[in-house]
Amino acid sequence: MDPRFPTGQFVFDPTPTPEKRRDAIAAIAAFPAELKVAMATARMDQPYREGGWTARQVVHHVADSHMNAFVRFRLALTEDRPTIKPYNEAEWAKLADTKLDPAISAQILDGLHQRWHVMLLAMSEADFSREAIHPDHGPRSIDWFLQLYAWHGRHHIGHLKLTAAA
Amino acid sequence: MDPRFPTGQFVFDPTPTPEKRRDAIAAIAAFPAELKVAMATARMDQPYREGGWTARQVVHHVADSHMNAFVRFRLALTEDRPTIKPYNEAEWAKLADTKLDPAISAQILDGLHQRWHVMLLAMSEADFSREAIHPDHGPRSIDWFLQLYAWHGRHHIGHLKLTAAA
Amino acid sequence: MDPRFPTGQFVFDPTPTPEKRRDAIAAIAAFPAELKVAMATARMDQPYREGGWTARQVVHHVADSHMNAFVRFRLALTEDRPTIKPYNEAEWAKLADTKLDPAISAQILDGLHQRWHVMLLAMSEADFSREAIHPDHGPRSIDWFLQLYAWHGRHHIGHLKLTAAA
Amino acid sequence: MDPRFPTGQFVFDPTPTPEKRRDAIAAIAAFPAELKVAMATARMDQPYREGGWTARQVVHHVADSHMNAFVRFRLALTEDRPTIKPYNEAEWAKLADTKLDPAISAQILDGLHQRWHVMLLAMSEADFSREAIHPDHGPRSIDWFLQLYAWHGRHHIGHLKLTAAA
């Protein structure tokens, strides 16, 4: 197993069944509890691979990433094909607050995913085709973002598990 | 008193003393506890003024706004004069999750302001002059954003108090 | 669509992939928020079909059912092939408390599914093969119960939606 | 005082006066609020006696126990002398979810006791003599179960108070 991709690389399904979409939405709901279980055995100052982030940085990164994701969903839902702002995740993970107790970011994620889940449950069929423009990669649908972040949470939980096993 | 601006309108001080900057940073730290006190007596489904947001919408808006703010600070600290992405706060405040228990957003803000505060405390003197570009209003320094959000939290706490008094 | 089975009848997959099992566990986590969304538009005193339960009875039934389910999982995890006790769901749905505000049962389910989800996340691979004996139907594995209740929640949410559309 | 029985051991009154029965029913109604008061000063990770459960385990146990109790009342009301299923409370109290925030089980109990109380208030005089069969102890009347669980809630609130005093 490639430790960079413990759950495999992200693969987008452009024609998701209702069940697939429903499962991706449920993954957003389930994530905070899955995270807490993985955090219970993670070694917070252990890198998940040689030269990689520590478990602590991983948790803070997920909060950074999912706050940006939440912003992107809301932009796509309230504007006509907005251009989103990427961010430098490597530099963000070096800022001073990423040394804090990761429970602080778990708390942010707990509330954030509750709001995100309810926002998703209220979306119409057509809303899933709404798009945001990534300045480098071009247009991406909400279906794409949904599948990406359902994958992304488990991807980093895989990293946390590697620090427990290390 | 104009109920739209219970603490007065925002005024930027372009040459803050160290004390003024320190107080603005302390306001970021103090906000979650101040919010909880104001929420204890707010009437959550009461608009703070005729035609205005309910207290519930105000709390969810502050979480929306301060997540965007946190992103802007991090962009300004890790990129060279990045252009930030505005958002349509009126439309965001109508999304389905803004009907949730406002304690959910208070929980997000509690963790978020802890990280924000520690990020601010670690900044150098020079960092406060770093800039981000607002696409409509032009360049804004971190000092400007810091003073703005120190004001912004209390501004909306003022709205919450109006729903208790109404 | 047969209104008795708005999401189709339950079909057990005896050899679930890790992804299928993970999605069924996530469905347990996601259910309380899905329920609240469906309750927001359900007409509580409207039967979901001619001669069927009202939406109110459906919600109280789900609490009855999922409390029994939680008991069955715990029995299967802590005893060697225990025989479980069925119950008469039709008679239970006529008891006086099923006329109460369905928000009361939604509150029970909210806490119950949090505990259930964390119990599931802590299970070993082997635990999913543990069995309980239904006195009429014979042995059933935890995998069977898990898939059943992941389906069961959405099954009844389908009924609630029918009362909104009726 | 024996810390195992802070309110004394359970004693069944086989010929309860109407006042005694009424008080036992009121104890079911009053329990969630009494629990919250006791939780406010309990030390959640403190065992209530040497080698005993922590306060946290006590609260989760009460939810486990009273969900089973609610099931037993409903079985006795809807079947003719059903045989109930005991459970291994010591093993249940070790499952992973008993490490969760005890507020989650308090929330379950809050809704559960509301339903239980209304179910009890709707019962006829004759219903209190209906029986369920415990596989080890033989037949028990609803009057017996009612007195038992009225005692049981306060019994464990006594344990919570011991963790505050410890």
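Note that the chains take the letters A, B, C and D in the order they are written out, and that residue 1 is the start of every chain.
Basically, a contact is a pair of C-beta atoms (placed from the backbone, for glycine too) under 8 Å apart; a residue touches a chain by one contact, two chains touch by 3 or more.
As the structure is a prediction and not an experimental result, all values here were calculated from the model.
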item	value
Fewest touching-chain hops separating chain B from chain C	2
Most distant chain from chain B, judged by the mean position of its C-alpha atoms	D
Chain B and chain D: spacing of chain centres that average the CA atoms, whole Å	46
Interchain centroid distance [CA atoms averaged], chain A/chain D, Å	41
Distance between chain centroids, defined by C-alpha means - chain A, chain C (Å)	28
Where chain C and chain D are represented by their mean Cα positions, the distance between them in whole Å	24
Shared interface positions of chain A, touching two or more other chains	37, 114, 118, 121-122
Topology of the chain contact graph, where touching chains are joined (line, ring, star, complete, other)	line
Pairwise chain contacts under the document criterion	A-B, A-C, C-D
Sites on chain A touched by chain C in the complex	22-23, 25-27, 29-30, 33-34, 36-37, 114, 117-118, 121-122, 154
Complex contacts: residues of chain D adjacent to chain C	60, 63-64, 67-68, 70-71, 74-75, 77-79, 82-85, 87-88, 91-92, 95-97, 100, 104-108, 110-112, 114-116, 118-119, 121-122
